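Order of writing sets the chain letters: A, B, C, D and E. Residues in each chain are counted from 1.
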Amino acid sequence: MTNVTQWVAVIPTAVLGLGGMVLALAPRGEERIPAFGALALLLVALSVPFLFEGGYTAGVGASGVLNAGLFGAGFLHDPVTWFFTVLVLTGTLVVVAMSFGRLKSLGISSSPEYYGLLLMTSASAIVLVGAGELITIFVGLEALSLGLYCLCGSAVSSRRSVEGALKYFILGSFSSAFLLYGMSVLYGVTGSTELAVIARELVSVRQIPAIFGVGLILVGVFFKLGAVPFHFWAPDVYQGAPTPVTAYMASVVKAAALAMAMRLLWNGFGHNEVAGWWLGSAWTVALLTMIVGNIVAVRQRNVKRMLAYSSVAHVGYMTAALLPPGARAAGGGALLFYIVAYSVVTFGAFAVTMAVTGDRVDQPSADDISSFAGLSRTNPRIAAAMTLFLLTLAGLPPGTVGLVGKFYLLSVVVQSHFVGLAVVAAICSAISCYFYLRVISAMYVQQATDVTPPHFVSPLGTRIVIGSMVAASIILGLTPSFVHNRAQAVAHGVFVRQP
Amino acid sequence: MERIHTILAIAAITFAIGAVGVIVRRNVIVVFMCIELMLNAVNLSFVAFSQSVGNLTGQVAVFFVMVVAAAEAAVGLAIFIALFRTARSVESTSATELRL
Amino acid sequence: MALLDGFPLLSALVWLPLLGAIVLYAIPGGDSPEGQLRSRGLALGFTVMTLILSLLALSRFSSNQPGYQLVESFRWIEALGVRYELGIDGVSLALILLTTILMPLIVLSSHSIHESVRGYLACMLVLETAMLGTLVALDLFLFYLFWEFMLAPMYLIIGIWGGKRRVYASMKFVLYTAVGSVLMFVAILYTSWMAYDQAGVQLPSFLLGDLLHARFTLQEQIWLFAAFALAMCIKIPLFPLHTWLPDAHVEAPTGGSVVLAGVLLKMGLYGLFRFGYPLFPDGAAVFAPYLAALAVIGIIYGACIAWVQLDIKKLVAYSSVSHLGYCVLGLVAGTSLSVTGSTVQMINHGISTGALFLLVGVLYDRTHTRLIADYGGIAAKVPVFATLFLLFTLSSIALPLTNGFVGEFMILSGSYETYPMLTFFALAGVVLGAVYMLTLYMKTMYGEVNPAREGLTDIRLIEAVTLAPLLILVFWLGLFPQPLVDLIEPSVVRSLQITKERSHVLRESELTREALIPEDMAPRGVLMQKQSEYPSRPMSL
Amino acid sequence: MDTRQVITSLDPALIPLAPLVGAAAAYGLGRKNRVFSGVIATFAAIVAFALTLKGVFDLAPSAIKEAHLWRWFGVGQVAFDMTLRLDRLSSVMCLVITGIGSLIHLYSTAYMADDEGMPRFFAYLNLFLFSMLVLVLGGNLLVLFIGWEGVGLCSYLLIGFWFRNLNYCGAGRKAFVVNRIGDAGVLMGIFLLLKHFGTVDFLLLNDRLGEAAALFDPKLAAVCTLIGFCLFIGATGKSAQLPLFVWLPDAMAGPTPVSALIHAATMVTAGVYLFARAHFVFDSAGAELGLIVVVVAALTAFISATIAVAQNDIKKVLAYSTVSQLGFMFLAAGAGAYWVALFHVITHAFFKACLFLGAGSVIHGCHHEQDMRQMGGLRRLMPVTFITYFISTLAIAGIYPFSGFHSKHAILASLGQSPNSLIVASAPIIVLIASVTAGLTAFYMTRSLVLTFFGSYRGHAHPHESPWKMTVPLIVLAVLAVIGGIGLEHSLPHYLEAVLPRAHAHESLAPIDSLGASWIGVLGVLIGVFLYGPLASVPPAIAKAIPLLLRLLQGKYFIDEVYQTLIVRPLEGVSRVLWRGVDQGVIDGTVNGTAEVVEVSGELVRTMQTGDVRHYALYLFGAIATMVAVYLVW
Amino acid sequence: MSVTIAILSVCMLISAVSVVAARSPIVSALALVGNLITVAAFYAAMNAHFLAAVQILVYAGAIVVLVLFVLMLLNVKGEAGKKSDFILRVGAAIIAGFFLLTVVPIWDGWLGLSNLSAPEGTVRAIGKLVYTDYVYCFEVASILILIAVVGAVTLGRRARIPNIASE
């Protein structure tokens, strides 16, 4: 494994990190420079995984996945990292496109810093995705979180954005303290921070402290994913943060958190006895997340809060697929496909919400369902796009990608004997039809009352994003195989090995 | 050998105190300080574990945790100042516009 | 027809209406008067073309050839083993013809819709695609996809162009069907999984062909059939699960009611016939008596409630509950005569109730009210309408020489062998049927002319043209039903045969493999209990 | 019976075709010229009559002309064809239907002359002829059923012909629904036949029952009893026997020709025809069935006769008399003497049609006045109507030379010689009831005769004799009423010998003995004459003496009210409860209830979201603590 | 040896409690400094000398000073009278107790564990380790700090409404 290919895998992180810093120094006046700079950097970073795929498969040695790459266990050169790097980069690309031209109206005064921060946060997300060792995970996670706290609070003038940042900061650091404590216990028990070593040691180690350590780590993971007992931050932060940042958090950050969860739960604690410890509580968390996510969303008036709770619900479905250590290969593939599909639709939905709220960001009822009233008459194309996204989230066929994703996910859940969970997931997705359709009925059935603000023409960036997301969801819906096969291969390569 | 045990116990207790502090106090800056307290407790247990395990990884971890804590302090305080600017106070009770 | 051999007829049939919907939106200038006219013309064109395609399919369909015909199949999602597999047999072809005949009439009847006509017609075309897809899909996944695809356009049709309580009605319609079909979703997953590791089928497959080799224990069959039956019985609608129908009908526009009563209700029965029975024969046998009992209760319950209704559309809706109770009784009785009768009655109900809703639409366009009290004695004012209404009423109460009688007689005589007592009570339904329909006819048509209805104008040409084909069908199927019966019967006999064989295979294998008890430590046991031995219950098929 | 030859010919198909074409033509062409529709319809009826004659002309005793039109529908070995068969039995019925039908059509052209709905009326009348002919000519029970419900429909349409008046429509609906209840019985019979014998074709059934009887199949009797009973329910529905006769009196709401044709001559006799056609079922059925039929028939006859006595509306009197005479027919049918039943059908058709048409011309004359108390003294003003009415009254009273006597006498005789042992045992009582009824019949008919035609005219219209189109049919029918009895007494059994069992003539009594045998009729007439002639004050006195009896009779034993309170009202009440209570209350309640539960629980969890960071931290810490504890406990 | 540990643990607990319970934030800041120094002493006791030095320098020196600076800048007076609502405090206390109940017994599990060669936490040893195995982590830490800096700047931007800190 020549060194050159190893270096390649680190390039995206470096490019984004340094690039972000340079962008932050750009002059504040003109927004176009930092925006196009960010796009260029992202494209460069994106070209790396596609051109030098070798860099990512080097890590998969004969003995299995986790042999140390150039940077020790810190960076894993395996297809999962490749898959998530691509996902994070494309996600960031879309967020940059979404926020182009809208920063002023969103209340973000300094655009270069915003784009710089965005790039650097994505860099840390890539670190987190590829981390195979506890300390790197922690640092990557903290870097990601700090970036998000700042991005949330970037609309400094708006009280809600700062409040969101505050809440996210306090709860984030509070939960990462627990995560760290878990890591320390695990280190104390197994003697090393590398996941491979931990996985080997955990089987033969004294149980009680190990369980305590695993439990606490699980807390940190579930907090970041937004699973129910730890989800209380999600609605407020999603509503408070500027919409592109919310979109970023709902898709890219969730994907990174999912990658962390997969690595920790499957590679770290994947062995059958070890899995036994955390399976019970994870099962309960999945159940609660599905139910609470859907039930509370039913009462939501604000679209962003509703989308927040819907993302909590979808995390519930994903956690259900996380459970079965037995069907990891299939489960992995299903999860990867689901997060891709979910990200596509979330970007679309938030882009439309942004287009609908227009420049009334500071008015409290700006993104209520009432502001969607009569959209089908004032702006039919966007209304049609939003209908497609909502139906996909609900899993009703015009949005076939949602249905296909659910099919993958729940077939894995059923095949690992969690039929009860699958039934609950199914019923919850039926309940979810209610609040998704309520928005659609607002758009199509209710008349555009005079109170609904004039729909202002959103900048080119947002419209491109909406268009591309519609195209992506239709293509994914009709021919899901090209993504799912890749996801299957990726997961098979990394997770199927029974430690 | 019971040294490690006592240190770990103390760390755990301090950790719990820090946690209670985060929940109880209204002033966000004090909350931040309690979080620092919790991180310190974890650092202590890390060092204790590195003693019992016998390698220095624990201490490297503490090193990195300190870096993180520093960065966190910077960002945290910036947020508190922004909060003060918009909400005129540093009480967490004043920042409850986003709810239900 | 050599040139047509290569042509994927069924795919064309299914996707043509969707193409139409897209074309409708592609052409700009939707809502100007001539734009509306163009949309109506286009929509009519597409629906008529679909009808021609279905007639073409009929011409190339030979009823005595075993198995499914005009089959098209290619791999879609390998990971799940999902294949895009289309195929028809007698039963699905009959329902397809019903759909393609009704749709042009619905488009014609849309002259009373004035705001955003293009949207309405597009929804109808999309709905037609979904319905046709459901009828031709031979792959469970594809079937479920089209099955759910029907919800969205119907929701929009009721939601946007409906009456006052349309939001509640459309939401209730979607949620009712969604909750039911979601359980079927899990059952489909379980079935495809079972097919995977027991029959040694390499990839997990959703193909009906493969799934027919899957083996289940009785306990699994009961749960799986229960899930399927719940989804189907909500759609039919069977007695306790029917309360969405009256609301949906009352609030839906005329075209919406016709398509809902004409075709959508039949999807539940078709689903039970195509997937429910063959896949889980013993589970179905366990449920058969209960379904039959519910069907008969539904017949009498529907008839009684229809009798005291104040709103014409609600009355006709409850009459549908009663009529479809017969179809369920026929299907569940399981003799070739009763199942064929059930399918024939599905077609007849589609025609007669579709026509009744069109007639109510004619009245509603003029008077904008559906309450029986607002009418009275209008036979004098609108003689032609009165005659048509009488003829379709007769078809609805199954008078001999009309189509209603043929289906009903076959069902009752067929199901007499299996459930004598229930058939006796079903006969009471025949009498009650006459009661409420004639009461409706009397209260609206006869007696002194209602002063408010003085200026009522008789049927216009366009409305007559819409109703004429249905009238012809009523008497053509009443006098010469044998061609339709010959189309349906071979497929029914074959399907019953498959079901019987499968039931034997499952019982012979005395599979004592216990249901997949979960090894995991899930705190709450999974639904499937441990199934120790295989209770052999005499098959009542 | 076994030497029948089946000849395929188109005659049976043409006979019903004529009125069908007539109906279409009458409605189509009649819209332009009303009178024209009457002419076409009458012509169509006459053509049908001619065709029947042609068909019957070369019909050998056991020959059957069969027209197998097309395979209606069939699945597997169960198949139903559209086959029409003309044999001796159906030819008799066809002759009666088309013959009397033509006369009534002619009569109607005058009676309905001033009604603008004439085309619709004649179309329905022809449609009725078509349905009745299909019923009679039906080759299997299903084609019979087509006719069966067809006539039910036509009677509904014709009763509610003047649809302006909601009561008439109500009567029409009541007729249809009660008939439907009967039809359910026939359907049940068909299902039983299908289950046990696999076919409903009369010829095949005859053979299969023959084989089964030959094998002394034990359960054959039980099965046939059940089938017979179901068919009997159908017959009671159609021919207005005891439980289901309530619709016939109300059916008088229709125009009088309708009452004459449908509710006197043809439709109501369909039940008797069904007995005759399906005789093989009733013969091999158990004895109890015959007894039930006879008992029901006797009771019906007696009760309706008593009601008729107290009726003041001339058509109601005739309606109840029809129900009573139908009772007589079923006496014969129940006793197995099918040809006697048919004999009475024919004679009854003659004189009852004549009576109804007479009543019609009276009503026409008195400008739609139907209450006999407003009539009187019409014998001078309407001589022809009076004479024909008088002759028919004597016929129905069963006085010797007139046809009524022969058929009624044959019925009483047949009771004694019935193959059914139970009937023979109970013959004395039944003959007694029948005789009393015969007496009552004579009495109320004379009462109506006297009230209408004798004394002074009490009404305030100025009656006049009806035009020739109405009087000619009256005369023809009166003549038939006279010669019918003697003519058919011997020729009919001989004619039906090959088709019906036990079709042999009784030895006819000498004239004097016949006169003696008809003493009951004479007595009834005399009492009627005296009570309403010179001793006119006596009936009101009797009425005052026992007011309860009068109110009971006039109120028709309150059977209608009983049905209403026992069946209709509760059913409607239950339906309302089902709708409001079950449908909206229970089921919708649970549906909306679950939605409510979801909303409330959603609300509960939502309020946890207080917005205060500290609460979130508390929840977080709490969740962690429980999770860790659960871990360790597990 | 155990005496110093005992003293240090007592100081640790006292300072921790006072951070939480102190009425004015400045007092709790100072208590935090005390706590940090105690922890540094612990490090020294467990011969993690490099860490002890860094602790004093980074933690006590930089972070707490920054906190004090902000406290002064925002001129924050003590809690305005009423303590936070009762339920929270009771709830937190109960859960903390519950948490400790489960945690503490775990640590006595360590009694038996004998520590092998307790390594010297010298600068060279840690430096060697950081720059060989954890060099990647080191780079990521650099990105972390970069983010913190840029983030702090964005959050510090002058909001459109005039700054009123001077009041």
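In the analysis below, a contact is a pair of C-beta atoms (placed from the backbone, for glycine too) under 8 Å apart; a residue touches a chain by one contact, two chains touch by 3 or more.
A quick note: this is a predicted structure, and the numbers were derived from the prediction, not measured.
Farthest from subunit B, judged by the mean position of CA atoms in each chain, is D. Of all chains, D has its CA centroid at the greatest distance from the CA centroid of subunit E. Contact count check for C-D and B-E (C-beta pairs in contact): higher for B-E. The central chain here, found by comparing per-chain C-alpha centres with the mean of all protein C-alpha atoms, is C.
One simple way to say how far apart two chains are is to compare their mean CA positions; for subunit A and subunit E this gives 30 Å.
Here the CA centre of subunit A is 26 Å from the CA centre of subunit B.
Centre-to-centre separation of subunit D and subunit E, using mean CA positions: 103 Å.
Between the CA-based centres of subunit B and subunit C the separation comes to 64 Å, rounded to the whole angstrom.
Among all residues of subunit A, those that touch two or more other chains are 135, 139, 142-143, 146, 149-150, 153, 156-157, 165-167, 170, 174, 185, 188, 208, 212, 235-236, 280. Residue positions 84, 88, 91-92, 96, 99, 102-103, 110, 133-134, 137, 141, 144, 147-148, 151-152, 155, 159, 161 of subunit E are each in touch with at least two other chains.
Looking at subunit D, residues 606, 609, 611, 613-615, 617-618, 621, 624, 628, 632 sit in touch with two or more other chains. Pairwise, the chains that make contact are A-B, A-C, A-D, A-E, B-D, B-E, C-D, D-E. The part of subunit E that touches subunit B in the complex is made up of residues 1-2, 5-6, 9, 12-13, 16-17, 19-20, 22, 25, 28-29, 32, 35-36, 39, 42-43, 46, 48, 50-51, 54-55, 58-59, 62-63, 66-67, 70-71, 73-74, 76, 79-80, 84, 88-89, 91-93, 96, 99-100, 103-104, 107-108, 110-111, 113-119, 121, 125-126, 129-130, 133-134, 137, 141, 144-145, 147-149, 151-152, 155-156, 159, 161, 163-165.
Within the complex formed with subunit C, the subunit D residues making contact are 70-76, 78, 142, 145-146, 149-150, 153, 156, 160, 163-166, 169-170, 173, 176-177, 180-181, 183-184, 187-188, 190-191, 194-195, 571-572, 574-576, 578-579, 582-584, 587-588, 591, 595. Listing the residues of subunit C that touch subunit D in their complex gives 172, 175-176, 240, 242-243, 301, 304-305, 307-309, 336-337, 340-341, 377, 379-380, 394, 399-401, 406, 409-410, 412-414, 416-417, 423-424, 427-428, 430-431, 434-435, 438-439, 442, 445-448, 479-482, 485, 489, 493. Within the complex formed with subunit B, the subunit D residues making contact are 606-607, 609-614, 617-618, 621. Of all residues in subunit A, those touching subunit C in their complex are 276, 279-280, 283-284, 323-324, 333, 391, 395-398, 400, 403-404, 406-408, 410-411, 414-423, 426-427, 429-430, 433-434, 437-438, 440-441, 444-445, 480-481, 484-485, 488.
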